[in-house]
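Just below sit the structures, each encoded as structure tokens.
Same chain, two partners: subunit A is paired with subunit B first, then with subunit C.
After this line comes the complex of A and B, so read on.
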């Protein structure tokens, strides 16, 4: 089986494309210097923070020292905030996020793929999405609170709407970019429309769908925190808002750091899933 | 079984023309094509680039409708793609999310054959294309030649009446190409397949086909049909290459003349 593709320009092109993909990807930080640089960035942020507070340039109520934030973090870990454990605050927020994302994925993916496939479906859905997508979610949040109350439901609906658009749009564009020969070859192999949709169109669109989901997660996460700051009685965003009312700046810091780290962890999880599920990405 | 007789006409194309575009922007890709594909034939189509070879294949496959005239399969009008006419594209359209095994089993599975039979078919055809033992690999792990062989096995697994191939070896290097030509010739002989094969390589056409069709450039018209038997001679001599004889060069030169006249 000694087959070498000599001078195979098409394959060369694919290789170059693949290399490009690799270069553009953030998750290939195998390079040691890059890792060191990332580490140094964070070290300097902490050092500058420390020096500024040590020199007492600002009052500690405005900018608490790293040590105070750390102590406050330990205190909140142990005693919670407002007698509610921190896990409950975080859990409430994450529950809102994931319930919304779950429903968004399971509605936006089929609707988006169908829209890309059948122009009639697109004619029904597309303009509505185009209308509400550019609106800042908080603009219609007040209305949702009026309709669904201040608790979880209004937030879940809000996040659902925020997450729906990016996933839907990614799906439509995925079908548009679909290699038509995949569909034609499947038809010539005896597949019916349903099989083609489930076994060809859906998997072929997976890479773009995943990118859409990651974008949706980002949008939903920021929307969540803002929504909790506008109207809520629990959740990590509410904790930060409540702390600011009492000028407890170290709690604000703790809240922000927890939000940041949670976001990074969830995104890393999504990227891990993406690699597992779409193992063929960029290798076609 | 007189329908399976040797001279049964599988595909019949009658006064067919294909026009792309509308009115003032239209382009006549094929004009007044008349062609019969009989069971067991190995038809090779030659012609300059852009003369409508792929267009002809697409209408037989059912991807395109003739603008006028008809395209029949076993007396019935071809209305769309179906598994009786297997298609092999120039660049293999293997599904990267499926393993080699799932790719080859795709057709039989779609047609709802029993699992046992599917497995048997897959084993047989992977063996036919000399690729046993790579069932669990993914298609992006294979070389260009191996990919095209998996694509071949995938199409053959449906036992199609005709296999339509559009420059299937165009992207392969010379050595791999030679191997693939021998492979397809043997498969054609062993399985009594009917093959419609597009190529731009005169030697490839002459060493594989039982009939060569030369198309002209715009509008695509069939200029000449040649009945040849070099591929049978190769099989009879059990050799791997054409024994170059005078009659071979005579046909080759005639074809080259026709094509060159077209390009000038």
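After this line comes the complex of A and C, so read on.
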């Protein structure tokens, strides 16, 4: 990158600045309309929800009113669910999720990069991942319970498997998309394999790796409820399942809304990290 | 600004259109309900895979006799527990459902439009707290600090909570929410040393374990549980005769058991894939009632003079409410109406099955 900056003449820099400004301007303008649209979407969802429940088209068991859900939320906030405070439910779930994500990142990233780089590594790993990736988790979850027991381990393994594939695939494709010229230039300048990997391949793949991690988080999060189906007595997913046993639909709504909001917040956090770590994204 | 206003207008319009169309749906339904049709095209039954009268009735083709021959398609769906059946009932996917009386209470408390029309069996030795042989557990108090698996929201869950409460260790035991098949898996792995479950799962646990306390023991202390049949009111109001027919099918199946337990055991063993002697033992763990017994004061009673089972339901309901499982406990009057003896009476009046 340093080389590139040196090559840029002042004129070119100005050009880039101008283009940037143009883009930004357009961004803020569309942002405003889009934000209004998003707001209107949510407002209309709430209005429709309110109208439907107000007209009593369905029994409150099928569709509880927003007020009922809100009351139930306050009740759970105050008293917890099943005598367990709500933040412990949420914390247990997030712990399961992040342990899984942590291990997935630290195994899938190196394996994915290696697979993308060395076709022989890919030949070993790729088919296995392609095989299990589309399997629905519930199909093999019982096996995981049998092998790893009913405690947190089996749940974390399930989430790990869910998170592994997206990161791995992102890494492979990132290496594939790498501009071969960079590697060849570095080689001709006498860089060794280790340097090429650490200084060219890894940084160049970072944006895609991050996209992979964000996808992985999403996939793992959607698997959370299935993971907490067996032998759990805490966790936000279990709360929703237990509530469905007693047809407490307002608690199901509360659980879903909490999960949705935490999902958005965590994704925003990941995007913030992405911006900080890959500061050059979209600028090179 | 004009642009925004236009968009807003369009959205408001869309909302109102959608709501109107939804109201339209609601109205259509009520019109359909009012139309008194002769017979439904099909009936959806939610069943449990347990050795009971319904399993025999299905194996012996009584549903065909009472329903298919009238041109009604019979559809059965197996549920692992009444909790799942309740979800299907709420959505209107099934008309009849077999469930533990605790689930039937949940249904009423959540204002599902259903009523209880039959009692399959009173639970006894077929539900028990099994502990592993090598666990060293001799009495209920020994469970302190241990993990006990049970399918939440079931009759077993209700009894287990009372067992622990009576022993004074309710807060000192960790309960795990598991389905019956998972209980067996966790048991085999050694993850759990104690579980409250029902037959046929219980038999698998007892292969290397023993019952510490059974639902029979608890029934003697007044904690009665039973598997019951609930039906959607929309269905029963429209086709009361078919509900009475269902009762008759159950009675015929029950008669096989009452006349020849051996024969009933063979039928059940074929249907559930267990040994006949095991099936027999499991059936003997429950108590099956005749229509006359059910219409007595001990169970359904009469419309004017509701029987004791409505009181059992109310007591259980109050317990579940204290437990925080259900939000509100319906009144005794509501339960008196819920436990409806009319269909059993109809079945008794208009058919010729002989009871022995």
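Following the convention adopted for this analysis, the second predicted complex is superposed on the first by the 248 of 284 C-alpha atoms of A that agree within 3 Å, B and C clash if a C-alpha of one lies under 4 Å from a C-alpha of the other, contacts with A are read in each partner's own complex, and residues count from 1 in each chain.
One rule holds for everything that comes next: contacts are C-beta pairs under 8 Å (C-beta built on N, C-alpha and C of every residue); 3 or more make two chains touch, one makes a residue touch a chain.
For clarity, every value in this text was computed on a predicted model and none was experimentally measured.
In the superposed model, A:246 lies in contact with subunit C only, and not with subunit B.
Judged by the touch definition given at the top, the superposed model places A:38 against neither subunit B nor subunit C. Contacts of A:193 after superposition on the shared chain: neither subunit B nor subunit C is touched.
After overlaying the two complexes on the shared chain, residue contacts for A:60 are found with subunit C alone; subunit B is out of touch.
By the touch criterion defined above, A:206 lies against subunit B but remains apart from subunit C after alignment on the C-alpha atoms of chain A. With both structures placed on the common chain, the touch criterion links A:238 to subunit C but leaves subunit B unconnected.
In the superposition on chain A, the residues of subunit A contacted by subunit B and by subunit C do not overlap at all. Of all the residues in subunit A, the ones that touch subunit B in their complex are 1, 3-8, 10-11, 179, 181-182, 184-192, 195, 199-200, 203-204, 206, 278-280, 283-284. Considering their complex, residues 36-37, 40, 44, 47-48, 51-52, 55, 57, 59-62, 82-83, 142, 145-146, 149-151, 230-233, 238, 241-242, 244-248 of subunit A touch subunit C. Subunit B contributes residues 61-63, 80-83, 85-87, 89, 91, 93, 95-97, 106-107, 110-111, 130, 138, 140, 143-146, 154-155, 158, 171-176, 179 to its touches with subunit A in the complex.
Of all residues in subunit C, only 4, 7-8, 11, 14-15, 18-19, 22-23, 25-26, 83, 86-87, 90-91, 106-107, 110-113, 149, 152-153, 174-179, 181-182, 185-186, 188-189, 191-192, 324-327 touch subunit A in the complex they form.
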